[in-house]
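Read from first to last, the chains carry the letters A, B, C and D; within each, the first residue is number 1.
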Amino acid sequence: MDYFYSYLILAEIYVLLGLSTNLLVGVVGIFSVSQAAVFGVGAYIVSDFLLSGTLSFLPALAVAAVACIVLNVLLTLPSLRVSGDYFVVTSFGIQLLATAVFTNWTGGTGGANGLPGVPPPDLFGFPLEETRQILGFTTVAAGLGCLAFWLAMRAPYGRLLKAIREDELAVAAAGKDVLRAKVSAAALAGAFAGVAGGVYATYMSFIDPSSFDLDASVLLLTMVVVGGARTLAGSIVGPFVLLALPQLLQLVAIPTTVAASARQLLYGVLLIAFAVFRPQGLAGERL
Amino acid sequence: MRMSRFWLAAVAAGALLGAAAPARAKTIELGALLPLTGPGAVIGTEQMRGIQFAVDELNAKGGIDGDKVHVIYDDDQAKSDQAVLDFNKLVSLQHVPMIWLAYSGPTLATAPLATRRHILILNSGAQSDALQKASPYLVNTLPSTEEEVKVMVKYLRAQGKSTAAVLYENDAAGIGGRDDFVKDFKAAGGKIVAQEPVQFGQTDFRPALLKLASAKPQVLYVVTTVGMVPLADQLHEMNHKWLVAGTTFMNNPQVIADPNAAGLIHTQVEANVSPALMAAFQKKMGVEMGFFSRQYYNSAQMIFIILDHMIKAKTPITGANMRTELFKIKTFATPVPMTFTSNTAIVPIAIEEMKNGTEVTITHSVAK
Amino acid sequence: MLLLQLLVNGIVTGCALGVVAVSFALVYATTRIFHIAHAGVYTLGGYLAWSLLAHGVPEPLALLGAMAGCTVLGAAIQHFLYAPLERRRATHLIVLIASLGALAVIQNLIAAVYSSDILEFTIPWASAVVTLGGLRLTGAQLATLALSLAAFVGMLWFAHRTLLGKRIRAVASNPFLAEITRLEPRAVYVTVIAIASAVVCIPGVLVPLDLGLQPYGGVTPLLTATIAMIAGGVGSLGGAFLFAVVIVVLQNLSLLVMPGEWSIGVTFAIFVVFMLFRPRGLFAAG
Amino acid sequence: MSAYLEVSGVNQRFGGLQALNDCGFAIAQGGITCMVGPNGAGKTTIFNVITGFLRPDTGHVAFRGRRLDGLRPQAIVAAGIARSFQNLRLFVDLTALENVLIGLPSGFGEAPLGALFRPFHTARLDRARRAQAMERLEHVGLADRAAEKVRNLSYGEQKLLTVARLLATGAELLLLDEPASGLAAGALDQVMALLRRLQGEGKTLLVVEHNTRVVQQIADHVLFLHQGHLMAEGTPAQIIADPALAEIYFGGAL
């Protein structure tokens, strides 16, 4: 049972991240490859507060969310000056820079050793130690995230963001403040990623830079592609499928010595298949 | 709908697995969580070969009292969240009582789970000091870097070396080793003149070596886990005058065979196996039996001894019982002698020097 | 002396990376495809050469054989992956994802066939040390320097002096215009990727000759090369090459003034700041 | 008395190209002014300057006596000037109605906090806005296509939709960039009738147009731009009758 619980918990945390990435990449069209860096900052902030005992879980989570809002706004600012592939590469640079900081800033992040022994999340003094309790908490958190995404998308705000993705200039000509809309979307995405980071750190009880590297950012992007862009369903389906995939691929019988590479190979094939045959993902719109 | 077909395939695959499971009634299932893809795969596959070779050897001899052993390998890509997921799967779905791990990250991430669910986890590859107290259920068959460093520092000071530079891998293993060395070498009256990191998997050591060389140390202490052959070559190419000292990770058949490696010395956690075994391994796996293969082969032998005791005593095979049995047996005469007074094995540590394609033992010592 | 040796080592590695950057830039400027799988082509080159050498093929022939293999792989990626995607009007991100998928396939095929151990070439002249003044360089490094420069000059000559090169530059500057003047961009695309793949094979073989082969080892060079391309200005082959050399040299020299663990971080920090103030690169064409 | 819209002394240089050269003109309220001139005369550039997409090197734009230069596009829309684009720039993945909704002045629920924390209020106000947008669609005769995605509309319908989106801003001075180009006769008449009707409703129009027939039929006043400078102005008849202008305009082909 714990296996399914831990799968659900991780998938729900990744749903928050999927929402964050989908908002930025799918809805507004800012091709960020550095969402894992924001996720990591959220995780490190919560861990540092809990390990030093200065704040309890919920206030720490709030601080992490605010910090990630600010950070994500700063990270997406280059998209106002550079566009398209240039932003993708800038964002690659930001991600690698973040990895370097996570790995080398031993004082704040524990460096490559990571931070072991992060206490479990607690709600108003009641620690959530059982996997089942944590699942309840992540379900509520992911549920609230989905609700927020849904409300934002069906409101005039969502319409405005979709219009910006299609044609920024036309939106400005219609008298709208494009800058404010983009910044607020980045802020919202940052809040999702920061909360996801905090929850992740307390559930795992151990974090190190490998969870927040370029691979993780690419995985988030892949979740949007496989799940589907711009829809709530897509943001949910993507994480659930992609986390299940390695587990399902384990079931394919392959000689042990090459099994792992063969599975990764199948993963690559799957990415190609989606790109070629189903660019709208499982439950979304065309990217 | 493509989507429904996808899930159909998933369910079908699950059913196949379910159908296959009961066929192995007299099989003891164990788990291994190793980095089998990604940059860490160099080490992970070597470890997997060690375990699998031991298991095949055992099963060919008829298993333990007739029971076959089967190891389920999962790839965690050296990532901690993947490791947690895989750990839970191995425990919840496949009900394994013990799991091999590698790398500090995944090991530290699964340690609290092991405590909670009474699963024995066995690390035979990572040496980070944080592993010593992570969980009562985490057993390390490899002494921490700290033990190796002590032996080496003592030797270096005895040789009259008083200045040292450190080349370390910028990850948990390398940084831990560097910190230990810097602390101990200073405490022993030596001086650290320079230190420089390299990234895991990086094979261009030249910039770092040049910078270290400019500090003119008498000793270069190396704490890296991969890329030893390029390192030996690039050291040779510099025509340096210093003594190069390393850790167990330097013990790699390719390095020893490399003429450029002559004169390197390193501490060696003893993991010697007989030449006959080495040859058999080479024949079956197609590669030489590297240090990690030997380590995991040895820890597999230890597990077999524990299982043998338990089967004979008809003790149910659970993680908690395996742990109890391990500390009850305490000393194992697998090809390498191991003694457990804490969660970390006491293993003999030697200092060896590479010479003409072989290694010569300079001193012997026992950790702790 | 330390400075000089660091500088020279940086130039050698930088030239090799420069060829990666130039070949990537050629593909990007022409097709606008962010060809991440180029890293896979680069990696495959080294492994093919290794296998050929292991079967007793002489060194120059092994290099040519590897180049032929890379050419086929590159052309196949264009023909069987990018072209169908283009026909389906896939967006940039989708093509990028497909390219990532292709990279995963290539890397893991290599890992499955050759294992993920570091493979070493055993060629005596490659590891022989040559002393020039106080400088020490290996045979492999000298070969890398010479062939990389040759490849770069060859690429420049090709792009500016040959008919095909001019056509490619025409398509790069305006595919639509090229289409109406019947230049057949699709045929040009295949040619471009094939050529770029053959060229990237040169550093793909020579760098591992010096430093060993790893199945996942192509990603970092490609990322650095991409940054060099962008910083140098898309469409400027010389800019891409120059920046690759500058980046690697700076990374090497940065060791003189700061601890090595920060050198990569600082490189990317400079790059990000650079992008903010000079978003079109230093030598941007047009 | 100051003019309704007054452009004076605008210079705009792109690298080596002088796109606007001491460009200046004035427009009276309530009329339809057509702007003509050969390709590259700077017509679209002056649109960009007036609507805040370009900040000119020198020169002023004043609307109802108030200086506009230096303001951001959205401030200029708020001041009462809106523009359309030659290449339409519709949101093709949104519906016709949604395109018009984007044009409506900003309302509650367009910022995330309102949308998230007062969802019911947002939904209620959005219903009212939908009704408003529907009116605009009816105005241009596209009410029955409201729920259709723009990519499925005909070119003529898309042209009408740009006008509906423009109207939605509530601006009183509308800048239209070639509203009639590329249209078949039937759709052309429909667009011209719509422009006339808008004039009747009190809007002022500044229209870039190439089609002399359209200019003759709708323009009250014509501005002739050449090499970024106002070369002549007058009634359509006066401009068309001037052989020197025809020489420039048609390059002597007539």
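Just so we're on the same page, a residue touches a chain if its C-beta (ideal position, glycine included) is under 8 Å from a C-beta of that chain, and two chains touch if they have at least 3 such contacts.
Keep in mind the model is a prediction, meaning the values are calculated, not measured.
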| item | value |
| --- | --- |
| Chains touching both chain C and chain D | A |
| Identifier of the chain whose CA centre is least distant from the whole-structure CA centre | A |
| A-B or B-C, whichever has more C-beta pairs in contact | A-B |
| Chain whose Cα centroid lies at the greatest distance from that of chain B | D |
| Chain A and chain C: spacing of chain centres that average the CA atoms, whole Å | 31 |
| CA centroid of chain B to CA centroid of chain C, Å | 35 |
| Centre-of-Cα separation between chain D and chain A, whole angstrom | 42 |
| Shared-contact residues (touching 2 or more other chains) in chain C | 108, 111, 115-116, 215, 261, 264 |
| Interface hub residues of chain B, defined as touching at least two other chains | 37-38, 41, 44-45, 170 |
| Junction residues of chain A - those touching two or more other chains | 103-104, 257, 261, 264 |
| Category of the chain touch graph - line, ring, star, complete, other | other |
| Chains that touch, pairwise | A-B, A-C, A-D, B-C |
| Complex contact set, residues of chain C against chain A | 28, 32, 34, 81, 84-85, 88, 90-98, 100-105, 107-109, 111-112, 115-116, 215, 223, 226-227, 230, 261-262, 264-265, 268-269, 271-272, 275-276, 279 |
| Chain B residues touching chain C - in the complex, by the definition given at the top | 37-39, 41-42, 44-46, 170, 196-199, 201, 203-204, 206-208, 210-211, 213-214, 226-227, 229-230, 233, 236-239, 254, 260, 287 |
| Complex interface listing, chain A residues touching chain C | 25, 31, 78, 81-82, 84-86, 88-90, 92-94, 96-97, 100-101, 103-104, 218, 221-222, 225, 257-258, 261-262, 264-265, 267-272, 274-276, 279, 286-287 |
| Residues on chain B engaged by chain A in the complex (per definition of touch) | 2-3, 6, 10, 13-14, 16-17, 36-38, 41, 44-45, 48-49, 52, 73-75, 78-82, 84-85, 88-89, 91-93, 104-105, 108-109, 111-112, 117, 128, 130, 134, 170-172, 174-176 |
| Chain A residues within the chain B interface of the complex | 1-7, 10, 103-104, 106, 111-114, 116, 200, 204-208, 210-211, 215, 241, 243-244, 246-248, 250-252, 256-257, 259-261, 263-264, 277-278, 282-283 |
